[in-house]
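Next come two complexes, and both contain chain A; in the first it sits with chain B, in the second with chain C.
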Partner chain A sequence: MSLNRIFGSFDVSGSALSAEQARMKAIADNIANASTTRTPEGGPYRRQRVVFETVLRECADGTKQTAGVRVAAVRKSDAPPLRVFDPDHPDADATGFVAYPDVSVPSEMIDMIAAARAYEANLEAIKNFKGMVNKALAIAR
Partner chain B sequence: MISGDRQMRIIGTVLDGCMQRHKVIASNLANIETPGYKRLEVRFEEQLAAAVENGDDRELDEVEFAPRPSEGLPVRPDGNNVDFGTELGEMSKNTLLYSTFAQLAASRIRQYREAMGESS
Partner chain C sequence: MGIARIGGGLQAIGTRPAAGLPPAGGLPGATGSPAAGGAAPKPGGFVELLDKMVDEVNDKQLAAEQAVRDLASGRTESVHDVMIAEAEAEISFRLLSQTRNKLVDAYKEIMRMQI
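So, the complex of A and B:
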């Protein structure tokens, strides 16, 4: 049994911690830019969303086992911007409408809570595993 | 491990199984937001019980810990069927089972030491 197989649980949970952190960063970006009407690529800010994918590792016997999770992509929303009538705004178009990002702050907050919970759960998995390893070391003490 | 000690081998099998199961639970928790991920589980208790009952040592070595997809769970719209609470509950159960059997192994070894006249 290789070390990697014994301590693989740390890698699995660790990969989830980084993935959830990336998700949290995207949410923070979204909230920070909820009213941004100017971006380097032009137009209003577009909502970001991380997409996760399972990491698979091939075992010695050829079968594939899940070995954690990673961020597959950070996708920008294709939803149309929110058009708000505000003719005094410097970025208003000819008809007086301003294009705002399609970010809904309450829904970002909910997503943030989910990300925080998932982070905690994975941390708990690491703690549990550490406890198990310590118990194993104590067997022959 | 002390070969020939059947009880110790059973304890060892449970410890191995719990380790494997923890990894699978950790993987389920890690993929709680992965679209299309299907929950995996490790079930070895039935096979172990059968091996213990038959009294065949070889059967003990053949107990399988390979993860299998769970069946009959409600699937979310993103194709994922992992439930947060279930995983946390299973994780606690599994950790406790591991602790119990690690304790059993430790006391078994203590018995050996005492039998050999070693002061502990």
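So, the complex of A and C:
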């Protein structure tokens, strides 16, 4: 559709908003499970990280153009779990140590601020683009 | 020929039945029959272009409505996608209405001409 070409910038920023939302969900998961010692796959929860990649779109003339961002994968951290001495814990091993997730809540908070700011920046891009189009439409007035 | 074209353009905007729109929320004057439009639009002409534009704007409105429906029924969780669909619908409708205003202005200008 020809009208859709006007809204290319919307698609780019919209894809970024979706990506940031996925990042926010991963961070929320990390904070929620910061002291989870049991997971379906066994062992403590492992910190999640989203990996972004650019989206390529094929143009009519065969060339490829970047058209936004998407979540390529949600990777689980391979870092060793935090071992805390707590013999009373039901999941403590024979030596009295409990394996806690490798999640640092302060650093998750920093990531969360980054995600929220990136979301805001993309919202601002949408707002400005809309303002530009509206100003252009006002030419005819 | 110019006047006929402008008139045809106006008819393309005003009297065309908008098939996709629900009757209650339809465009004003969208219930007329296409036969009232007089001469059939020339293929590849400006009237046909306008006709396609009306279709696209209508599609955008329907897409925005569907996005709201999806959000309300829980099929989607991204509020921003709904808002983007709304903004696209709004901008494309404004573009169409500006085009229509320009056509009406041109038509009136010509009708006011002293002969």
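Here, the second predicted complex is superposed on the first by the 140 of 141 C-alpha atoms of A that agree within 3 Å, B and C clash if a C-alpha of one lies under 4 Å from a C-alpha of the other, contacts with A are read in each partner's own complex, and residues count from 1 in each chain.
To be clear about the criterion, a residue touches a chain if its C-beta (ideal position, glycine included) is under 8 Å from a C-beta of that chain, and two chains touch if they have at least 3 such contacts.
Because the structure is predicted, anything quoted here is derived from the model rather than measured.
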Chain B and chain C placed together on chain A: clash or fit? fit
Which holds for A:I6: it touches chain B only (first), chain C only (second), both, or neither? both
Superposed angle chain B/chain A/chain C, CA centres, nearest 10 degrees, is 50
*For A:Q21, decide between first (touching chain B), second (touching chain C), both and neither.*
second
Partner touching more residues of chain A, chain B vs chain C, is chain B
For A:A118, select first, second, both or neither according to whether it touches chain B, chain C, the two together, or no partner.
first
Is A:A140 contacted by the first partner chain B, the second partner chain C, both or neither? both
### Query
Touch check for A:K130: first (chain B), second (chain C), both, or neither?
second
Smallest inter-chain Cα gap (chain B/chain C, superposed on A) in whole Å equals 7
So the chain A residues that chain B and chain C both touch are 6, 13, 140-141
Counting only contacts in the complex, chain A reaches chain B at residues 6, 8-9, 12-13, 15-16, 19, 23, 51-54, 63, 65-69, 114, 117-118, 121-122, 124-125, 128-129, 131-132, 135-136, 138-141
Listed in rising order, the residues of chain B that touch chain A in the complex are 15, 18-19, 22-27, 29-35, 37, 40, 66-67, 84, 87-88, 91-92, 95, 98-99, 102-103, 105-106, 109
Within their complex, chain A touches chain C through residues 1-3, 6-7, 10, 13-14, 17-18, 21, 123, 126, 130, 133-134, 137, 140-141
As the complex stands, chain C meets chain A at residues 52-53, 56-57, 59-60, 78, 80-81, 84, 87-88, 91-92, 94-95, 98-99, 101-102
